[in-house]
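Each of the next two complexes has subunit A plus one more chain, namely subunit B in the first and subunit C in the second.
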Partner chain A sequence: MTFSMKRVTAILQKDYKDISRNLYVTTTLVLPLIMAVIFGRDGKSTLELIYMIINMGLVLVGTYVQASLIAEEKEKNTLRGLMLSPASTLEIFLGKNLLSFIATAVIVTGSILLMNYNPGHVPAVVIALVLSAIFYLGLGTLIGLMTKSVVEASVIIVPVMFVFSFISFMKPFMEKYPILTFIEYLPNMQMLDLAAQAQAGTGFGDVGSNLLIIVGWVVFIHILAVYVYKKRMVEE
Partner chain B sequence: MLDIRGLEKYAQDTIVFPAFDLTVERHEVTALYSSMNVRHTLLDMLTGRLAISSGEIRVNGMTLAEGGKAYLSQVGFLLLEEGTYENLSVKELLSFYKKLYHSVPKIEDVIRFVKLDTKANTRIHKLTLSEKRRVQYARLWIQDPEIFIFEEPDQNVDIETKTVFQRLVSHLNELSKAILILTGNMESAIGVTSRIYRLDEKGLKAYDIQESLMRDWEDGEKPSESTELEALHTEDNLSEVGDAPANARDSLSSDKDDELADDEVELGESPVIQFVRFEKIPTRMNDKMILFNPPEIDYIESFEGQTQLYINGDVYPSTFKINELEERLRTYGFFRCHRSYIVNLQKVREIVTFTRNSFSLILDDASRTSVPLSKTKMAELKDMMGLK
Partner chain C sequence: MENVIEVNALEKFFSKERALKNVSFSVKKGEIFGFLGPSGSGKTTTIKILTAQLKPTSGSTSVFGVPTHQLSKEKYRKKIGIVTDNTALYARLSVYDNLKLYCDLYDVPESRIYEVLSMVNLAGENKKIVSKLSRGMLQRITLARAFLHEPELLFLDEPTSALDPVNTKHIYEGLMRLKEKGTTIFLTTHDMNEAEILCDRVAFLNNGEIQLLDAPKKLRQQRSDASLTVELTDGRTIVLPKGPAGAQRLFDHMNANEIISVYSNQPTLGDIFVEVTGRNLV
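The block that comes next holds the complex of A and B.
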């Protein structure tokens, strides 16, 4: 069977219609926007605060929507039917990733606009955001594969959201406990670092290492997702 | 199309089913009557969820391992416990499958065929169970595979859905599709096909469906006549418990739903006893049921509406009417020699003519029992023996 874009869009449309009628998901989607309105109105918010909200958008939309899309297929017992269809695994996951990515792009762009955030070096920040979004999608796939229902995914998403949204406030602790320096390498911290440099007006060359680390995370999380998927399929 | 060769399955120490061969060709509707366990095992093997340890399943000559998606694109499954995207409307769901499968059938036609045109824009979670099942029929048709595999296609559905299913099967049959129905309910199998097999731990057995019975079942399909059929069966029930009228009254007064359910079971099970070559005739002695192999029986007499089996000089009352016994025993070489007698022809030694119009059969037993033979039956018997 050859790769078919028509099938990918079919899956994308189906998932869009299905998930947009799921109240669990839709109410979660507007949360980052509300946060952006509350915190961003004064226009004096710090970079940390802005990135907390952007990361929240990435997690709640990218990761959560992606996890729900997969968990729901499992919950409703439809994944098996999809596996028996001519659509390949690649097509199924591409369709889902595409939908989550579009949703993420819309919500994150929306919250950035609402907060009047102006990144210094736009291309670098956009590339970093896109890469981060891909990382969060992978994370969502992973959570979706490991949970059995949308509700379960909603529960798991809470600690994930804390780690990736609020950890930037742990910086003071890091100086106290050197063991926590690994936090520095989490994709959201790299993102923040990159944004700070961009704000200061540096070029691509200076943020290269940040981008590279994020790319590393992207590759890592997707390999993990593929591994878990294969393992789960054997079990079922 | 679908070719199963030497497929077998053992679960620990028990046999789920021994090796069997089954082929389903185009234009063929085959029903496989089996227990739930066997059904699930077979379906898991067909869908590749369960590895096949010995034997093979081929679709158009390829196994799942060889063909992969090419194998799957040929086969369409309607599973009993299949989930669906309940937030979508009927039309949205079907158009999704149409795109997914790049298929030909027109959504509007299919929706009309399964009688969901008024619900086309209704979300699936608002539909009734029967309507959901019809959506599944439509979905499978939209998939447009070459081989249709249905699991319990009309379990717990209303009469409208059953009718739709039967029309669907005959329509697909005309489109030269191969159809396999896996069911634990004989009624749903008989409703659509005469190629029925039973698969259990003893292997695959074909049922020999008699044409007259087929007609009965087909009549039963039509809702208007189903009551008639039901009445017929209630009558049967009554005659069976005729010895104990109290029993009959009890069962009549019991919950009506129960009664119907019982009838269903009865409908499903009674042909099973009849179609299998292996069968015994039950008789009632005091509180015991005694089962006899047909060849043991010497002859059967009907006296004041009560049939009695004569075996080695002993008499056993039977619960069946003489007409029913004649039907059941015909294949064993029994002959209705008189209005109230059936004789085992293997045991007849002599045919005695008393007068021009009076005959008797002398049996080959110690007391040389004689059984009357009527004049008309004498002519029939002569024909059977090739005499003029």
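The block that comes next holds the complex of A and C.
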């Protein structure tokens, strides 16, 4: 099968036109920026707080907007048309992720600037953020595919938001309850760990394991999303 | 002649409920094949299986000579057009933007948009936002979208159910023109008149079973007793049997200038459906 960038950009263009007329989504986009202004203006925020805001942006835009886009396509029976077209699964997935990815990049960059956050090792942090964004998009796709409607997706997003934005504050409990050590391996915790090391002035070599774990999450979540997509699109 | 669709001993169960029972038929290249049946008889289920949206429980189905589960390949998708109620339009986008997306997906020039819109009698409506359209207009845009890439095979699930008579006729003419160009059409309907006008062959589906399959004309002729119904000027309606006795009476009435009209007593497809299945359509 030949890969067609034309089909990918066609889906992106369609999403862009669609989203610009969707008040629901456009208001969601400003929320992380407002949070950044409220919490991070003085530039004295702790790394935990900064990453709480960054993760909020990643979840709200990467996961929630993506989940809404997918859930709406499913709810309104438009995804079926894409599936029945010559577009391959890869083209559909790329096309359906691109807009949310661009939006996530813009919003997260915006909130970082608003908070005056200065990551110590910029390339490492940028790579980790990009990989994280791709993970959150995959999670969004998955939620969109597994829920029946946009409303249902908005309900599911609340616990997801909690896990990825606030769980870093659970760290003190980890020493008390060893069972919670798995939290450390969540992508947002890896991100935070990496950021802390970058701030302390370490190099690429030291954050390799963090990046690798995040890559693992990226691969895992997207394989799962493609699997669920294929399963959902052919009824039993 | 080459078969475009082949279905053999197809069965479909939804948990314990049997939606299709031992369905077998084939559709020849270039014909309009009608799947007729009342609501819940399994028409949409059949289309979903034939377009690889639903897994059959057993039996074999092939389209263009390949098993339907292999239809996901790009080259087959480009040859197929589908209109069902589970392939909707983007409500916030204009008619044009909806069709443009499909032009790009199917690698068709945008100039096709105007051609297909006039095929469905909606030329000039390209700027309208889809959410503002009536049900009949939506149905016609969905048809236009399926025509964009000039597919060799069209699956149409009750394509005129929301249309007024004028637009229905326009669509019929369009479909006949596609047929003349060699397009194969698999059409479901519960409108017997539609089947009569469009279809080369029809299958009667009832409770998931094909109960009769033939050309509409043949079905009617087989069941005709060749008698005539005659309306007379004195208000009476009489039935004349075939043969010399009937002919003599027809001659007499005609000779006396007493005849208003003469009808053939051939059953309609609807009559035959009721006779075969013991139930009414709709």
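To be clear about the criterion, the second predicted complex is superposed on the first by the 234 of 236 C-alpha atoms of A that agree within 3 Å, B and C clash if a C-alpha of one lies under 4 Å from a C-alpha of the other, contacts with A are read in each partner's own complex, and residues count from 1 in each chain.
Following the convention adopted for this analysis, a contact is a pair of C-beta atoms (placed from the backbone, for glycine too) under 8 Å apart; a residue touches a chain by one contact, two chains touch by 3 or more.
Just so you know, these numbers come straight off a predicted model, no measurement behind them.
In this superposed model built on subunit A, subunit B and subunit C take up the same space, so to speak, and clash. When both complexes are overlaid on chain A, the residue A:199 reaches neither subunit B nor subunit C. By the touch criterion defined above, A:22 reaches both subunit B and subunit C.
With both structures placed on the common chain, the touch criterion links A:81 to subunit B and to subunit C.
Of the two partner chains placed by the overlay, neither subunit B nor subunit C lies in contact with A:154. In the superposed three-chain arrangement, subunit C is struck by just one stretch of subunit B from 236-244, 254-262, 344-352 or 380-388, namely 344-352. Comparing the two interfaces of subunit A, the one with subunit B and the one with subunit C have residues 1, 4, 6-7, 9-11, 13-14, 17-18, 21-22, 76-78, 80-81, 84-88, 236 in common.
Within the complex formed with subunit B, the subunit A residues making contact are 1, 4, 6-7, 9-11, 13-14, 17-19, 21-22, 75-78, 80-81, 84-88, 236.
For subunit A in complex with subunit C, the residues that touch the partner chain are 1-2, 4, 6-7, 9-11, 13-14, 17-18, 21-22, 76-78, 80-82, 84-88, 233-236. Per the touch definition, subunit B reaches subunit A in the complex via residues 47, 49, 68-70, 72-73, 77, 79, 81-88, 92-93, 96-97, 99-102, 123, 143. Within the complex formed with subunit A, the residues of subunit C that make contact are 48, 51-55, 73-74, 77-78, 80, 82, 85-93, 97, 100-102, 104-107, 145.
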